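Structures incoming, each one as structure tokens.
Shared chain: chain A. Partners: chain B in the first complex, chain C in the second.
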Partner chain A sequence: MSSATRQKVMRHLDIVKQLQPSLHVETHAPAPDQVDNEHYRAYTRMSHDVGGEPDVPITWEEKEEEVWEHNTFVTCEVLAWRGVWNAEERRRRQNVDVGQTQYLGLPYYGRWLLTAARILVDKQYVTLTELSDKIDEVKKRYE
Partner chain B sequence: MSKPHYDREHHVKKATGIGDPQCFKGEAGPAKFKVGDKVRIKDLPDIFYSRTQVYTRGAPATVAELVYESPAAEDESWDNTDNPVWFYSVVFKQKDLWPDYPDTFANDTVETELPERWLEPL
Partner chain C sequence: MAEKHKPAPMVDEVSEFEVLEIAVRELAIEKGLFTAEDHQHWTEYMHTLGPLPAARLVAKAWLDPEYKKLAVKDGVKASLDVGVDWVNSMPTKFGTPSDYCNLRVLEDTPKLKHVVVCTLCSCYPRPILGQSPEWYRTPNYRRRLVRWPRQVLAEFGLQLPEDVEVRVEDSNQKSRFIVLPVRPEGTEGWTEDQLAEIVTRDCLIGVAVPRPGKTVNDPRPVRPAINPYKH
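Coming up: the complex of A and B.
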């Protein structure tokens, strides 16, 4: 019983390594019977659950946080104090809801910032048109 | 008009001045496991969200500590706080997790916290 589960887990990890995000690959629209149970599990897996994925060592680099990163952190904490989200919902949105491509492709606080904007839209504190108009307005200041 | 109205501050009100997960103390009922119990990690469905690492599924572990009561991550991540459960710190042998783990380090362990719903008696 256990070993069957363990074999499944190891096979899952083997499949997952084939799902690294890639660019310039034509996507396919599979028929339902072309996605077996193992691939369904691989596709629906949580992007933050990277334990056991084959990878290479990366270099540890000491880097101080930048001002925008501190500001982003404070913004997210204030959203928690106001009851907009709790820490677990914040982590779900930052680490899993963003999907694998953004999880691996964006900087850590980039995901925080994007998610802070997203939850304000999702919970109807701002509308997306208000938000995008504001982003547009701010961008124009720097043009 | 069309916006949902519910108490978005219920969680923060509950935790203010007490802390989280301390604010859930006493709400999970009797603990199913005690320190030293052998358990196995269930392989439950985990679409959308969980913090129970896939690499632990089906592996044996030992309960090291009852750490706190809290909603499971699957619930708390949508702010569902009505069903707190016991969280256990459990210890795995690395050799039970990784088939190729070297015998030289056979005593290596890893410890992680999991909610009760993921554990079954071994």
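Coming up: the complex of A and C.
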């Protein structure tokens, strides 16, 4: 990589880093003159495209699986088995369409789960009302 | 002696994730998108998975030069000999529903070390290696391994000499990878079973190398689940 390219890449990653989920930064649909091309490129980067981004060392952990995590994985696989969605749709929805904030802010299978709910609604297998009624009904079981 | 009881929580609060998971699964079944049996069938299939077939593939390759050639040339075909059929082993009978059935076996040499990542998501050769570890899925591992592989490997306890080339393989939708490490010294005359025992999951991902007497991954902190799934 040439030094000019490297500089460009590092600048891009710097801006991307500022797009990490943040609850206290005001970006209220700025006017066109407030978004330069560098920022445009940073905003249109896909949130899952993290290879090469700088980060600090962390403790590598193993993790116990939650029951809902296991079931979510199986549900997503079985939805694909039965033709409700294909691999491309799943990737697009789980990795890109969720957006940066949910991508980095939710657990791995949390993204999968939201996406599974959304595919049922988007493809009109269930209505939003059916989904919210079902959620209420499930919650009542635990009251 | 009296059995120790944990005090019952004041409110047995269920998480939104748990609620949504149940809701989605039940709605999908009610609408006939899949059956409860399908879900159960897949769960049972998951229970059969783990790193053992991949470990056996490596052990066989160490013992049989012809098999090693096959493994490197055609990982899918070589998988058949360790009981993994990339099309018919799954309940679908059409391969994985994530649509991948291209296994590549990456052969290490004394001067070349492979390590696997999936920078875009967390692609992993589940049919032959089981579920991926949590650290493999972290943005941190995916971010750094492609740019600072030696440092990341050192954090896993694998210090490589400067004259060993590191090759990071980035998984993708259609292709999945396992590492065929160098057979360690001190294993002369070992059987396939003995050899397979030292080929741990971490060796197959490439963040560790096999050593005689070492049959488990390096110990790491385990993040406990609130409501753990019993495998």
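Here is the rule we use: the second predicted complex is superposed on the first by the 131 of 143 C-alpha atoms of A that agree within 3 Å, B and C clash if a C-alpha of one lies under 4 Å from a C-alpha of the other, contacts with A are read in each partner's own complex, and residues count from 1 in each chain.
Note that in this section a residue touches a chain if its C-beta (ideal position, glycine included) is under 8 Å from a C-beta of that chain, and two chains touch if they have at least 3 such contacts.
These figures come from a predicted structure and were not determined experimentally.
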Which of chain B and chain C A:E65 touches, first, second, both or neither: second
First (chain B), second (chain C), both or neither: which does A:K134 touch? second
On the A-aligned overlay, A:E38 touches which partner chain: chain B = first, chain C = second, or both, or neither? neither
Between chain B and chain C, whom does A:G52 touch in the aligned arrangement: first, second, both, or neither? both
After the superposition on A, what does A:Q124 contact: first (chain B), second (chain C), both or neither? first
Please indicate which partner A:R6 is in contact with in the superposed arrangement: first for chain B, second for chain C, both, or neither. first
Larger contact residue set on chain A - chain B or chain C: C
Once the structures are superposed on A, label A:R91 by its partner contacts, choosing first (chain B), second (chain C), both or neither. both
Identify the partner contact of A:A116: answer first if only chain B is touched, second if only chain C is, both if each is, neither if none is. second
After the superposition on A, what does A:R82 contact: first (chain B), second (chain C), both or neither? both
Where on chain A do the contacts with chain B and the contacts with chain C coincide? 49, 51-52, 80-82, 84, 86-88, 91
Quick one: which bits of chain C touch chain A in the complex? Just the residue numbers, please. 12-15, 17-28, 31, 33-34, 38-39, 42-43, 46, 91-92, 97-100, 117, 119-122, 131, 133-135, 137-144, 146-147, 151, 155-156, 170, 173, 217, 220-229, 231
Which residues, counting only chain A, touch chain B once they are in their complex? 1-6, 8-10, 12-13, 44-46, 49, 51-52, 80-89, 91-92, 96, 123-124
Touching chain A in the complex: which residues of chain B? 3-4, 8-13, 20, 40, 43, 46-50, 53-55, 57-60, 73, 76-79, 98-99
Touching residues of chain A toward chain C in the complex: what are they? 48-55, 57-75, 77-82, 84, 86-88, 90-91, 94-95, 104, 107-110, 113-114, 116-117, 120, 125-126, 130-131, 134-135, 137-139, 142
